[in-house]
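Letters A, B, C and D mark the chains in the order given here, with residues in each chain numbered from 1 onward.
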């Protein structure tokens, strides 16, 4: 019989201690941790991996980033211009396919050419809007040898 | 006409169910509230990671290991990195080892916090889930400061870590470690020793030590059955042998040894131990380089290696066969939740539906690891 | 309101009976519309209050976007639910499915009638007030079962079965604990009960302080009424983590809103009953007998009554965001092994107390000693 | 107990059924005849000095260029803390391996996975169904010569 009451007493005691904790939060409003997002924007730290950005003028078109990318999110076409320098004509990063792992940023030999911006608000309505185009567009046709170094060997075999 | 046994009702606790911790389908045969059988159906999240492993080079596979157990991706990176390092048998600098232990243990705390939170919301108490998430945000901020991402870190690489600790990391981590034990005590008062919680979990789904070994159950579930087995202590890797922390095992405080409450409490005790470990590691940190010299194009020698590490959910093992090329020939991922889930049909006989939810919560399975 | 009708009938004595009938019907419709408006407004604000209280307890803010401080959130929810597609499952039992929410709502709304909000403001002065409320509230379980069976869904079948078992078995402790309080004023009429509790600085004559047995009866009643209203830790009929959403799984749009509002309506009725019987209804503590104009006294009394009711509702919400959920058999065990026997002995004790001390409460005895 | 010692005990008790001992893998591997795998496993589990209490991992391997299909068992003993790997190689077009489900219950799901992804049929398995792929999936995805199907029902893969 006493065990019956003891069990009841423990139950009540443990429930009351539990409620004591929640009332501690319930009463004093200063314990709120949530931020009001549109008004209060959290500044991401400097190593934040947001949207990829390419400074196309200093890009040497070496396709190191396209090769290291585990999900082939970077499509890169380079054309050799008049003074034999490889110029990236098409440099598309498909943000819907990219997994933001950062392997390309580490693989890029040029200092500060391919890096992550602190932008994380780039939602779009259609998938092709998510493809960011950094390419130079068609170079003016010159007399020099135009050798198009396409980089799709890997993709055909997979698709 | 299929002869349906009228007495039982086949309910499909389908892939979309509030408390199956992911896309798990349980075909449950119930007689009123009591279950007579529960058959798990998995494979809804199968992304063929092992097939991808044969198509990408060794360093390229690291981001995929984040997606194995996304709540503990640091530990998954660690296990994969250690497998390839075993193959290359290169020596990791001390500072990288210490950083790896810090990251792995912080990730263990954040994974256990999710396990604690989702388990309590399965039992009906929603508030502890949000308290758990609030604490986890501190750890997410620490990870974001070091590697830039809050969930899939891709931080521990073959040969060491990708970036050194940013300045300000150590005192921010210390601030969290002093703040956290007080919160743990609060969880215990709020939930662990709550009479209804204990009544719901004591003596439910008891796993005997023989069954645990027979079904390959590992991690907190194995230790809850009374077997003192933790890879960090039995097969020490990194610098775990220099650290002093004890391994909590199930003592059946609230019922028999190995019941659902013991499995739950293992994770609470382990969080305490992990804070102790991280504190010691922070003090041991000495300047040094954070990664070993690893060639850009990695061609490990041909061979077969099976390496395993202690993940928050159990033993994660990688069986790697390499044929000397830049891509693994075969990579078998031994997921802890795969084995932990295989014991569910045995436990689910004769329990009630509410207990089935308690069993799934106490086993703390996670589906991307099961389906790979 | 009944005096209002009699007064009007006497004044229109000479008018034709048709006009008198129409006038009475008009009064009834107008007053019920007013009460319905008050009830709907209350239920809307209750959902807002619940989310605010939940937010407060869980260290977050709760709705604050729609309207000042989020006060119009319930209007937004109502409009959203109205615009939601109204799905009726294919093989559902159409009529049961459609009627069930209306019955549940009307049952919980009908229970507002016998309550008296202040000395002069009340809807109907039923002399069987308490009995009427208990009868009406048991209709809810029938309607829930209709809804559950009608929606042809295994989960709602579970929910329906559980709801019936729970509501029916918790009727017993509710009635017994109310009896312990009713035998003292010896009347089922709400106004007489409250009138009995007047005097003595407005507090000491409350039935809860009448004798130790009614003190316990209050707590038994409070627990049993939480179960009656399906709120955590007894929210097993709509346990979202176990049986998806219990009896209202298949309900969408406005039909679901009826179930939802009925729950808050029941909460109000149950706490109003507790205030009327145990906490002295609209007795204004301390300044109850100072002479003041009628309309001011009425307003004060209504404020005090709603204050006490909202305090009890706050406690129910506070319990909801703290405790986990009981299992079905533990729920039954609590009812039949703990609450019912306790309520029986309590009733015996209360009746013996009334017999020996001729219904005088502790306060009367003490003051009695001083008077001689 | 050293893996070499385990190999000696096994070759002593099972003779020609134990074919080879590979030293350079981690943990070292013993190649076993497919018909004797169940007895070897029972022996390893119940033998006093060895008692391999748990089957850590059972993986199917497609050795396409040798025309073979292999099943690798990684065993482990909690009491003696030693590890060993057993390897069974069978012909690639007719991969039949007896099931060790009776010895360790965890093998049930691993063998179903090996069947599902590699097509290795485990004789005597209690419930050999596909575990990861949909039940009506044709082909075995993890095989080296697996060709991606263009369509699965109506969706293109």
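Following the convention adopted for this analysis, contacts are C-beta pairs under 8 Å (C-beta built on N, C-alpha and C of every residue); 3 or more make two chains touch, one makes a residue touch a chain.
This one's a predicted model, so the numbers in the text were calculated from it and none came from an experiment.
Using mean Cα coordinates as chain centres, the one most removed from subunit C is D. In whole angstrom, the spacing between the mean C-alpha positions of subunit B and subunit C is 46. For the pair subunit A and subunit D, the distance between C-alpha centroids works out to 40 Å. Mean C-alpha positions place subunit C and subunit D at a centre distance of 65 Å. Subunit A and subunit B, compared by their mean Cα positions, are separated by 25 Å. The set of subunit C residues touching two or more other chains comprises 57-60, 321-323. Residues of subunit B in contact with two or more other chains: 127, 134, 190-191, 194, 196. Touching two or more other chains at once are residues 15, 18, 21-22, 33 of subunit A.
Contact annotation for chain pairs lists A-B, A-C, B-C, B-D, with touch applied as defined.
Looking at the complex, you find that subunit B touches subunit D at residues 42-43, 46, 48, 50-51, 86, 211, 213-216, 227, 229, 234-235, 303-308, 315, 317, 319, 321, 330, 332, 334, 338-339, 342, 346, 371-372.
Within the complex, the subunit A residues that touch subunit B are 10-12, 14-15, 17-18, 20-22, 33, 44-45, 47-49, 68-70, 99-103, 106, 116, 158. Taken in their complex, subunit B has these residues touching subunit C: 9, 11, 17-19, 32-33, 120-127, 130-131, 134, 190-191, 194, 196-197, 199-200, 352-355, 357.
The part of subunit D that touches subunit B in the complex is made up of residues 22, 24-27, 29, 53-57, 59, 61-62, 72, 74, 78, 81, 83, 85, 104-106, 108-109, 117, 130-134, 141-142. Residue ranges on subunit C touching subunit A, taken from their complex, read 53, 55-61, 318-319, 321-323, 338.
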